[in-house]
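Okay, so here's the structure we're looking at.
To keep things simple, chains are lettered A, B and C as they appear, and every chain counts its residues starting from 1.
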Amino acid sequence: MTETPIFDEMWGRDQTLRQPYASFNSWLETEDTARLRAKQREAEELFRLSGITFNVYGRAEAEERLIPFDIIPRIISGREWQRLTRGIEQRVRAINAFLHDIYHRQEIVRAGRLPAEMIARNEAFLPQMIGVTPPGGIYTHIVGIDLVRTGDDEFFVLEDNARTPSGVSYMLENRETMLQMFPELFSRNRVQPVQNYPRDLCTSLMACAPDMQRANPAVAVLTPGIYNSAYFEHAFLADQMGVELVEGHDLRVVDGRVAMRTTEGYKAIDVLYRRVDDDFLDPLNFNPESALGVPGIMDVYRAGGITIANAPGTGIADDKAIYSYMPDIVEFYTGEKAILKNVPTWRCSDPDSLAYVLDNLSDLVVKEVHGSGGYGMLIGPTATKKELREFAKKLKARPGNYIAQPTLSLSTVPIFTNKGLAPRHVDLRPFVLMSPGGINVTPGGLTRVALKKGSLVVNSSQGGGTKDTWVLED
Amino acid sequence: MRLSIKHATRYRFDTPLTYGLQQLRKTPKSSNGQHVLDWVTRIEGGKREVSFEDHHNNVVELISFDRGTTELEVVSEGLVTIDDTSGIVGPHRGPAPLWLYARPTDRTRVGPATRKLLRGIDGDSDLARLHALSAAISEAVVYLVGASEATWTAEDALNAGEGVCQDHTHVFLACARELGFPARYVSGYLLMDGQVRQDAMHAWGEAHVEGLGWVGFDASNGISPDARYVRVATGLDYADAAPVTGLQVGGHGEALRVDIAVQQQ
Amino acid sequence: MLGKTANGLFWMYRYLERAENTSRLIETGQRIALTRLGDGDEEWESVLQTAGMASGFHAHNEELGKDAAIDWMLRARENPSAVRSTIGAARQNARLVRTALTGEVWEAMNRAYMGSEERLARRVSERDLPRVLGLVRQGTALVRGATLGTMLRNDMYDFARLGTFLERADNTARILDVKYYVLLPGMSAVGSSIDNVQWETILRSVSARGGFRMEYGGAVEPRNIAQFLILDKRMPRSLAFCAVKLRDNLGYLASNYGTRPQSLEMADALVRRLLTHDIEAVFDFGLHEYIEEVIGALGTLGRQIEIDFRFYE
């Protein structure tokens, strides 16, 4: 489907410098490769020292690894961003309304816009949330929307992350690193700041406290612990917000609240930003084997004694099968057409779609409905014959477990390599905060880049890197 | 009928308890034909942390054990009046959607033994088929106190051929759902002839029948519930409706005594 | 602050201190071996004992030798108290309490860890040993420097200090516990070269040769060594100095929290015991018994701190 050349965000389709990169390019022309190479090494040293690492799962020792950082920024104009922001806000508002509806009257099912079995047969649907309205009516306090770009004004939503989207620490540290290394760039370009994110996050969480009367609600970040792949981020956010970083065993139910064990005794928590999955959140109510959770926290939650962010059960909204209904969902709850496009999606549970997908497997990307991190997916165009055959077998065995999408020709942005600049495919995860006070989209986000030439896989666990993402003030 | 109920549960531990929580679902619901006139729960050796109504409209109380306690006593008692409605509880009321009760659970998954039992079920109306099912269950699973484990599934009970009311109910739920009826577990009290003291609560099933709403079936006794049945908690299976779900640290050498008294006033 | 965080800080600084002390013991051991006055291998046995690593060593090693002993104390994975293990453990705790540390402390800790991992990845040759040990201590000293220079003097700092001084007191006490007999009066001919080596070993293993010279000049008297290491309030590794620090930091915590924890009473008692005696009374009581009692008191104090400040459940 790609006869036209790939869209490069710096050089367009026809090697004409695009406007947002104009000032950056004139700077770049005065830089020599040796200095940039030294800067690239310096950046790596900075990351290593600050310990911005992620742990790799499935290894004997919890190995800490750096996510490669590329020093060439990805630049988005203010005008482009404004349009994106409108689309993101609309989508997040719809997701929140959808969650409220699904756990209450299910009007969307009654109206025939979403088949009941999409909910009934969905593992991410949490019966314990039925009839529960979270404090402030907010389900998704923090959302990450994964976007890809295919052209000048062509953005698609690849995935909604409504559970515990990660990566925001990289957005912040990438900017910090760029500011340290290239201060001159920031005086030449008016880049919108991302550094307010931790403060905004804290304010936003506090605004969702269960008891609006209480001044200075206590916020804490719940982490699965130092062996979790995103532990660094949990510690980073707690540190930046100036709140406690707690683990399940620091918490217990005391006097009808969830409280943390401090050196002076138990102290109640109002808002818990949890980075622990639903299933592990409460051994009394969910997985009894979980050592990461807090027994009874769901009881306190249902009795209105604590805010859990994001609310339990939000996974139903970022399910890949539900994703295919997002345009309908947006329209149903906002009364407007969706501003951001969905990637066309075949639900393999539908026999006709399955047949189409099997016939066209080598042109498609097939993903697991509940998968994440790029695992368990098939990229048709780059798969071997054997891989295709084996995946077809899996598809036929459990069609309901998969969706398929066309391979998009993702935009590229230059990265710095040993041989100078070279284009690589990217995606973008903007971070969205939601509170009764409104929706806040941080100008920027996490740009993930596939470091291998031609590769479309940007996941850090599979050889992806990151870049600083600039949104310019026009 | 007017029943007075007293349900006492006492735990003793040889070594003091470090930490413990219990989720109680012991408060009868007011519903069609059943009115709770008065109900209290007293706790000794622990305290009530929170209470709320869950998605099955069960009153849930979370209690914590006092640190270092070696004894915990929970006494629930009160008065309930019940009309005989021939087991009909009536229309479904939320918040849980009706389809939720059509989903199988781990304990009520259909297997070979369930399918075999279902092959013999026949009847010319929904009610007739459900009554036939209830009768077939009491035949296939002989009521025998102590025969089963609390963790048994419907299949386990059918394969063993014996069990208690919990097992009868799980088999009923598995089969009724397979027949297309939304179905739920009910835990409750039962007034027994000539016997006031009991050492366990009772359990039976309810299926949702078009036109009637929820209808109860007690396979253990081969009847639909009448004015002697007090509905306490409902759910998809035992796990949702259990009178006590607990978690504790320390407190070895646990001894449990349950005393239930149900009498007509 | 969280009980877990207090625990993490306490142990982070305990491990840092332990890494330094162990590296100092290794250095001392090597130094004595070079003087060839004592029986080298026997001396390593005593070094291992001082470090509290003798039984672990013998469980994993057939024969006692210089190289094996150094490797065991420096970098053996199976030895949780080896320099490399303790720096790793300090960093692990630092990760746990990342939110309680300033960026500079965290980076210094990370740097110390990366340096240790790199330098101790392979066996260290005898020739490189002094340099490597120096670099290791430089790494941990940077963490301490960043701590002093950037951390707020609040309860977090107090727990960091408690860990430091409890470990340090314990280390000094253990050195005295193993070597007490060379300090006893009339045990050997005064001024024999063997004794001189032993005395110097003790001073070296607490980095006290310079301080001791300033205080007592060139004449090395066992009584003075005992006085210096046990009762001198100005000597930063003496038992009295550490005890005063422990009491002071517990005192800050108590006034900060508005409580009077039992651990403060214990530290107070320890200070009184160490400061109201003179060295004659210590020898009268029995140097060995006295040290044993102090070691016991330090252990009890550590456990009481855990309870008072809810380190665990």
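By our rule, a contact is a pair of C-beta atoms (placed from the backbone, for glycine too) under 8 Å apart; a residue touches a chain by one contact, two chains touch by 3 or more.
Computed from a prediction, not measured in an experiment: that's the story for all the values here.
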{"item": "Farthest chain relative to chain B (centres taken as mean CA coordinates)", "value": "C"}
{"item": "Most central chain, Cα average position", "value": "A"}
{"item": "Cα-centroid distance, chain B relative to chain C, in whole angstrom", "value": "62"}
{"item": "Between chain C and chain A, distance of the C-alpha-averaged centres to the nearest whole Å", "value": "47"}
{"item": "Chain A and chain B: spacing of chain centres that average the CA atoms, whole Å", "value": "42"}
{"item": "Chain B: positions in contact with at least two other chains", "value": "19"}
{"item": "Shared interface positions of chain C, touching two or more other chains", "value": "313"}
{"item": "List of chain B residues in touch with chain A within their complex", "value": "19, 21, 23, 49-52, 54-55, 60, 62, 64, 94-97, 99-100, 102-103, 236, 245, 247"}
{"item": "For the chain A and chain C complex, residues of the former touching the latter", "value": "48-51, 226, 231, 235-236, 238-239, 244-247, 249-250, 260-265"}
{"item": "Residue numbers on chain A that touch chain B, as the complex places them", "value": "104, 106, 116, 120, 127-132, 252-256, 283-285, 288, 295-296, 299-300, 302-305"}
{"item": "Complex contact set, residues of chain C against chain A", "value": "1-6, 92, 95-96, 98-99, 103, 106-107, 110-111, 114, 155, 253, 257, 259, 309-310, 313"}
